[in-house]
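Dropping the structures in below, format is structure tokens.
One chain, subunit A, appears in both complexes that follow, with subunit B as partner in the first and subunit C in the second.
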Partner chain A sequence: MSSYSVTEPSSRQKWIAGCLVIAYALITIMPLLWIISTGFKTQNDAIAYPPEVFFEPTLEGYVNLFTTRTRQTEEFLQANPPATWYDEIVHERGMAIVGPSRFGERFLNSVIIGFGSTFLAVVLGTLAAYAFSRYRIPLKDDLLFFILSTRMMPPIAVAIPIFLMFRSLGLSDTHAGMILLYTGVNLSLSVWLLKGFIDEIPREYEEAALIDGYTRFQAFYKVVLPQAATGIASTAIFCLIFAWNEYAFAVLLTSGNAQTAPPFIPTIIGVTGQDWPAVAAGATIFLVPVMVFTILLRKHLLSGITFGAVRK
Partner chain B sequence: MSDWLENHLPKVVLAPSFIAILIFVYGFIGWTAWVSFTRSKLLPRYELKGTVQYEKLFASPRWDTAMDNLFIFGTLFIVIAMVLGLMLAIFLDQEVRTEGVIRTIYLYPMALSMIVTGTAWKWILNPGLGLEAMIKGWGFESFTFDWLVNPDYAIYTVVIAGVWQSSGFVMALFLAGLRSVDGEIIKAAQVDGIPTWRIYTAIIIPSMAPIFLSAFIVLAHLAIKSFDLVIALTGGGPGYATDLPATYMYAMAFSRGDIGQAASSAMIMMGVVFTIVVPYLYSELRAKND
Partner chain C sequence: MAEIVIQNLRKEFGSFTAVQSSSFKIEDGEFFMLLGPSGCGKTTTLRMIAGLELPTAGEIYINGEEVGQKPASKRDIAFVFQMFALYPHMNVRKNISYPLASQGMPRAQIREKVAEVAQILGIEAILDRPVGGLSGGDRQRVALGRAIVRNPACFLMDEPLGALDAEFREHMSHELRALHDRIGATTVYVTHDQLEAMQMGDKIVVMNHGVIEQFGTPQDIYDKPATMFVAEFIGSPHMNFLKFHGSLAAGATTVEMHHQTLGMPALREAFDGDMVYGVRPEHIRLSDSAGYRGEVVATEYLGTTQIVTLQTHNGEVKARIASDQVARVGESVGLDFDPATVTLFDNQSGRAIRSNLNAGVLSHG
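On to the complex of A and B.
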């Protein structure tokens, strides 16, 4: 599909078009470059006027992200020389580390909730998609429509009953509650995408396996699953990206124990007073996994956003 | 046992997903609909009181602002993202060599958390720190760009960030569309000496009508769902100048303790999404299976 054009452009057209698309790509990537570079600036460089493009990189933002610090007197700092490189960075600002920050916990929560809900959504979704793809199911179209329609609705519209339910069942601010919620939200996408992938696997393989004496489940497990591996992997990444980025419910239903990174990162500003490098460092660490997944998934990215309507 | 399982397997595997969706989506929508006809405040109440909440909602200036904003934001967001997306797709289709890399760059904002990338936008749009400070720093002292903190213009910053987030995705949709246009017709038109721009306006773009519709539907439902975008940039402010229905609903439910108002605004939001999305989804599904 690459380097194919509906019209055959002249070399001048190609050149102008190339410049324009690259210019827009630079605009697109600018916020990301800002985040990554600010993470390596000092506080002063970050708010320098005019903004600094070339600067001496420091890990101060990252150290601040992972620690809590207090301002100390000169005597105290002299009496307690820095023991590690990160102590030293903090000492240079006239401060001492008093403990870890909450960022590590929040990040771990994002990992637990993201992977837990993805696992459940993909397992349930694969089973449902297989049934939709291979069995005669009464009202199949209507059921599929019913499942897909949920994805288009604004999830925030059901926030009140979910909030009340979580509170009365004791699910508020628990990992289990968030995993269940994200599994539910992701199920429709997972069923829908996986049905598309399983539809593409020829039935003949399973039929041959059934004739060889496999049970239905063995045929599913040993024949269909390996064939659908790519589809399952990309569906899993879509579910993970959703759960990873979700904000509205995370900020509503979690506050401490199970809080994920998205509600936490913007609050770094409040804690240390506009600590842009620390915010940017947190944002960088948070965005990197998704950036890696985006690159891995670039061929399937579109089908996930359009529910498989556009495959390429 | 295994025979029973064999026969009922499809129902058994479908049941959990089906029941979950039935209760947690449709059940909860039903609950919200019911509560929207009550006088619920901090706690839900279940005695029906008619349409008081809706009357109150339509009389509320804040809701008015939210709906106006949805209209301004939705229109600009959809139009700009589509025009930009189409242009980028056409340019990228001119055999640009680094296409693969550029496509991935264009698509990435859609995959990243707006709450987190929003921190960069807040900084860029901040008059004292970002773009304004930078251009002033270059010597243009009279340059001002304070939309983020100006109640009359703040909504347009939401449009900028929204377009930034979605235009690449629209581009990819159109690019796929461009490449499914029948090459023979275009070759024939070229042989007849029809200029390239005419080929685009008369043949290629009209033949992509279904893609325009898909892009419109996706963008429209994104606009109505927009929540993270506003929270990340302006938090609905200054004042409530950039409220959208989703942020209005959230504020009513969880900071004002007015569940009845929140429920009625949720129902209006749902109604808007429904009228746009459902006919489209249904026809798509029918077309696919016929």
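On to the complex of A and C.
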């Protein structure tokens, strides 16, 4: 009857497919494992050749990441015995902690700017996408194309005008400025992605709510939003990953006050020689929020990828 | 509970006119059908009554009050959608109680009302189930439950049976009509299925290209079509059209076709030009004595009846005759038309020519 048939893959095919998946997973995960393990090495182990696969783990990298230290004389160190486990690690290298590093601050900046801009991009994007999806808007297609066109060049191509604009508006090196910038860059992605998701939600749901006695906004809030949760979650992940990882604008526009973690982490290298374990520790900690966020929303992300492929 | 009057209603989408200028009246308690092919403007008309689209011009009165520009929530109507539009993130009970919650009704009262509606529809057992796993029929019942729970002035239904399979549709159409007879609320029902319209409706409006072709009871629309479109759209197989040219005076009771005299109801107006002699398949008898001849080209057996296709000098004709009558392909037979049921049409405009048969139902001049 039908000209094709769907058959269960043979065990041989499954075996080959499994090997390919594992090989791919290993290739992707290797750099990550390397970074994480380097964070627990001593400086010597980190640059050892051939590379150390088995080593005695230490938290030195993490301690160095979070503290600033100075080299001290033997007398001073003997006069001030270490009070805590991290003092002890520093002592063994002939140094003493003089204060916290700026990593915590930079990390917090990343959290504020990353999540703040993601929130704004998703909220504004959802409202705009809803309007584009449901209302008759004059020049709708042109507007949508215009919004998309902001994605047609790398954002950094407009770095100089943005730099000048930020300087004259007093937005340079402020949290508000960076949130605004990342929101602006993410907004086109967010509008387009969400429009696709909202287009897939039948209008009848809202119309039913309108007739059931709800206002347009209540219908949007109580009926459309729960349906769009998948789309909103996956859009939020994409926006957050961009804002979280962004490096070039952060280097250019921030320094003392609103600097995020990406431009800060490489500067750790210069503080006390080539401190690779501290850099690796910084990178590892930096990975955690995005990983947690993605894992939390993973279910939505997966259904987001296949969304629209099958007609329900 | 509600009488709905539509006056000169018009809707344009940009340069496209969906509804030209409709006027009709829906009596209180009527089961009213809006019938037509897809794209004819019937759904747009219904959505304007509901308040989901705003009319470009014209008025809509519900119980004497002009509601044309009012939001849907202020019109006291309930809408049943073709795809049911049950809120997918809520269970059956929440779906049905949703319209009551918007009115701020106390919880205990909502529970009571939902239970009452569930009992009417026989869905008590599924009240706490999510709507996702329900069968088409149960979804339809839940959608109806959501509509009747708040006792609206009228029900608006947009092809509510369109998503069900054929067997179940039959069953649900009986259930719907029975529900209507029990509740007695005015119902406006959109469908493209002429059988459904004839079977369920008290009155039918037939629309085409945004224009109302005819408005009347199912019997009038079937027996006395106002236009060739209606004659063709309603009935399966549709009315036969025998084309001829001639000149007829008012009062004429016969036409000349291929040297034969065929009867018809007395005309109320004179006509000169290209005409169409319209006769339903069941009003044709095959008889050897009849002068008007045709050649049998095909027969379809349908159980109690059969459809015989014949080639005549004025075009193809289908006759519905008893299945025990013998009709062989290739045979030449005489056709006997029942003169009292015939409608003449103006071939140019498609409108029916006034006669004793249809004078009472034709609204155009």
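Here is the rule we use: the second predicted complex is superposed on the first by the 265 of 312 C-alpha atoms of A that agree within 3 Å, B and C clash if a C-alpha of one lies under 4 Å from a C-alpha of the other, contacts with A are read in each partner's own complex, and residues count from 1 in each chain.
We adopt the following convention: a residue touches a chain if its C-beta (ideal position, glycine included) is under 8 Å from a C-beta of that chain, and two chains touch if they have at least 3 such contacts.
All of these numbers come straight from a predicted model, not from anything done at the bench.
Trainee: Answer with first, second, both or neither: which of subunit B and subunit C does A:Gln227 touch in the superposed model?
Mentor: Only subunit C is touched by A:Gln227; subunit B is not.
Trainee: Figure out whether A:Thr215 sits in contact with subunit B (first) or subunit C (second), or with both, or with neither.
Mentor: both
Trainee: Just checking: does A:Pro81 make contact with subunit B only, subunit C only, both, or neither of them? Give me first, second, both or neither.
Mentor: Touch partners of A:Pro81: none, neither subunit B nor subunit C.
Trainee: Quick one: classify A:Gly184 as touching subunit B (first), subunit C (second), both or neither.
Mentor: It touches subunit B, and subunit C stays clear.
Trainee: Considering only touches as defined above, state whether A:Pro202 meets subunit B (first), subunit C (second), both or neither.
Mentor: The second partner, subunit C, only.
Trainee: Decide which partner touches more residues of subunit A, taking subunit B and subunit C as the two options.
Mentor: Partner with more touched residues of subunit A: B.
Trainee: Which subunit A residues contact subunit B in one complex and subunit C in the other?
Mentor: 215
Trainee: Which residues, counting only subunit C, touch subunit A once they are in their complex?
Mentor: Subunit C residues touching subunit A: 50-52, 71-73, 77-79, 81-83, 85, 87-89, 98-99, 102-103, 146, 150.
Trainee: Show me the residue ranges of subunit A that touch subunit B in the complex, using the header's touch definition.
Mentor: Result: residues 1-9, 13-14, 17-18, 20-22, 24-25, 27-32, 34-35, 38, 47, 49-51, 124-125, 127-128, 130-132, 134-135, 137, 141, 143-150, 152-164, 183-184, 187-188, 191, 215-217, 241, 244-245, 247-248, 252, 262-263, 265-266, 269, 276, 279-280, 283, 286-287, 290-291, 293-295, 298, 301-302, 305-306, 309-310, 312 of subunit A touch subunit B.
Trainee: Which bits of subunit A are touching subunit C when the two form their complex?
Mentor: Result: residues 202, 204-205, 207-215, 218, 223, 226-227 of subunit A touch subunit C.
Trainee: Which part of subunit B faces subunit A closely enough to touch in the complex?
Mentor: Those residues of subunit B that touch subunit A are 2, 6, 9-11, 13-14, 16-18, 20-21, 24-29, 31-32, 35, 44, 84, 88, 90-100, 102-121, 123-124, 129-130, 133-134, 136-138, 164, 168-169, 172-173, 176, 178-179, 181, 183, 186, 190, 196, 199-200, 204, 214, 218, 221, 224-225, 227-228, 231-232, 246, 249-250, 253-254, 259, 262-263, 266-267, 269-270, 273, 277-278, 281-282, 284-286, 289.
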